[in-house]
């Protein structure tokens, strides 16, 4: 993080601290802004900034898509950038939301239209601490064909249970603009995700969840890689041996112990710019 | 835009202002240079410079191809760089043309041979304010096979009506050098485009139109991405669900409201160099 | 190598020299740390650092994978980085191991879980002086389909004898976490490799060996390239003429005389950062 | 060209001038070094340096391959770098050869083993002024399958007559190391090339010729692009309309008039480093 970014980051921390000092009364009505859970751990905000940039570096995000993390002080709040390109996110852009995806302190900042993806998943999945929504390119062909995305190797072992394909048309029964722009659509997607780590969104992209930012970033990177390599493997025209459930379960547990290795590398490079 | 580029840009603005001061009599004959519509909005010129560089950054243009924008003061004039590689375009390279694609003030600067693509489309399509002609690589295979380019996801919803394939041989009835080097060829291409946003040019490239530079750049980027991903989806060997017309119409309208997000990102990076 | 890296490198040399001064008694029990073979040739350590970075530059390694080299003073010792991302390796990260893959002087540094790949191959293959383990992406599809990887051209002539596919499930008879985390698994992989230069690891990656770092890096780069091009050649749908054994044997011998050319280029670029 | 490179370049010019002052007696025997044609045009040497770097930038060359140009003062001499990676070539590395590929003034500098590709083509093709030998990756699959490389679009119109595939095994009747390491092999390849601009070398790479460096570089870049896109077009599974002979002849003539556009761009970027 450069000097300017760091200054902004501290400024943002100060803003959160100011909010926390006010106290945390629940809003009486939906119209009122929800109370803040107080300033998040600055390292969490730094990791969220890094996650945005890493996912651009790795070809998962382009000018679109978003990453969120559950607030470390309050499981009923999450943090996500205001509506800007992920590559440009700095600490001051990070906003706090309640699980209905209402911003705590918008101060004129615009929210992502599809923030309900995040809030509704946090509601249904207490185990989830971080969410990525992307148009990860190599994954798109799987979402529109229904060809199952399956784990080619240990790095993508988390795919072993399959990635459900959510079709917004089935959820609504009619043509939409494909965007998850309401709590109801977010909830339908969250239900389709179920207990899986990844759900594909037909004609749109995917959503990936994890227990922390390094894990959800890792899963996003290797979902993209697996999709690309699976397409190449299928083109070779011979039967493919995917990881079996026993292998995948063990592999995922082992890989979990190594996530700091790529994460520290990616973060170092992402924040050096 | 660096200091030198900005200085050049102001110099160009000065040149336009000088031309405007002379007045705007229509030329009596085709041989005479058409009158200038006066200096364009400097921001429009800056956006045109940015559009050239962005399309190189995004792999749509290489050493060839061109971008134009309709003049903001006069719908019968358009602006486009002199004949140089898009990556090198700066404000001083921007020339003004009438819709017959005659340069207003060439001052020895060479024009793109295929400028008629732009002029003839502006004539037939009053709604069009910006045009890109490229050899966008992933799109070439669709133009030479006639396999329909169709929208895989919301980002390329604008493809829903299909992208007509224009074959210059059908237009002329004989072998050509493939280039749109006359007004008649430009007009034939413009007619083939009809009301579509994209037309493929068999054995050559494509032309893409929009109501503004950010839109035509967005469409050019996601036409390339869609073509690449459609090829990958087709290779998976299962039926593909494309966006249906209702979805595409709604998605395109929604995406239209978000174009500033990638545009500002792309422009910032393109002009920082 | 920048000034700081060079300083670290000399510091590491000093550490090795200090260890060597202590003498080299064989450890009485497996629990005791093995004795050091003394400080390796600093150029060998520099080449090992370069090899790590080159393989990242060339898309063979990402945040995972490792490279080792046999100690120049003692064939029963090898050198490899502590457990960090290959891109970050500097001379101070290089550790010494015995062929049972016990670190000579860990000083709190963590070892790669799969170091047994290296130690067990060095045991069975006296000719091998350098080993790369990677998840080289284009090679993964060959490992999971069993489609034989074969040499398309002289650069990958070393593939002519075929690359055996090692399936960890066959070695263990049960589901594992896919990692070569024990000496027994390392030995099973080494036996599967036999006298070949490359073995594919189903659902995981591959291992490549050579008589020196430049050769093993060259083989790693061109195994990745050959896999990618072989997939493309197979997709053309016509019979492929691979190098025949006579051609491959002669080509490999000739190429061996040219390895310094790419190696010096790659090393220069890798250490310039 | 940076200050240091320029200094070297002038130094090289000086060396050539010194050689020229000695005069140009033909050597009495093959063992004697041939006489120099005198110092080449410094711009030609600069273009040759640029061509090496451009072809690396464009993915045609990696650590291998070479570019040559016929001497501007003497059609029986050509210029080519000593045996180093193309990316590292500067003016002082440029050597002069006679058409038997004997170096005029080696001064201990090593020559490319396969320089006979260049000399023998210059002998048989007086029209040829520049030659590129590469392992251009996307072209390899065509050489090993015999699937004809054909022009998808105007940029690669020069491919219309087909690119003959030269198989070294057919030329020699036995297994070789695949390298064109003798005058006889160079002559066999040159005869296979005939009057074409491109010949594929089975299991090895290709050779491309032109009337000047900008043309041979352009052809090398678009042969690679055409091969990649042709593979993609074939995968779409529908009949492909290639340029017909009439179109291709006219397109190539027109494109010839525009080569300065990409060349100046590429050269500027290549020499700026």
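When the chains are written out, they are named A, B, C and D in that same order, and each has its own residue count from 1.
The working rule: a contact is a pair of C-beta atoms (placed from the backbone, for glycine too) under 8 Å apart; a residue touches a chain by one contact, two chains touch by 3 or more.
Predicted model only: the values in this text are computed from it and were never measured.
Colleague: Taking contact as defined at the start, I'd like the list of chains shared as neighbours by chain A and chain C.
Modeller: Correct list: empty, since no chain touches both.
Colleague: So which chain is farthest from chain A, going by the mean of the CA atoms in each chain?
Modeller: D
Colleague: Taking all residue numbers at the chain B to chain D contact, is the shared part over half or under half, that is, same or different?
Modeller: Mostly different residues: under half of the interface numbers shared.
Colleague: I'd like to verify one number: the distance from the centre of chain A to the centre of chain D, where each centre is the average of its C-alpha atoms, in whole angstrom.
Modeller: Centre separation, chain A to chain D: 49 Å.
Colleague: What's the distance between the Cα centroids of chain A and chain B, rounded to whole Å?
Modeller: Their C-alpha centroids are separated by 35 Å.
Colleague: What are the residue numbers in chain A that touch two or more other chains?
Modeller: Answer for chain A, listing residues that touch two or more other chains: 235.
Colleague: Looking at the whole structure, which two-chain pairs count as touching?
Modeller: Applying the touch criterion to every chain pair yields A-B, A-C, B-D, C-D.
Colleague: Please name which positions on chain A make contact with chain B in the complex.
Modeller: Touch list, chain A to chain B: 62-64, 83-85, 87-88, 113, 135, 137-138, 140-147, 167, 169, 174-179, 181, 202-205, 231, 234-235.
Colleague: Please output the residues of chain D touching chain B within their complex, sorted ascending.
Modeller: Result: residues 151-155, 157, 225, 228-229, 232-233, 235-247, 250-251, 253-254, 258, 261-262, 264-266, 268 of chain D touch chain B.
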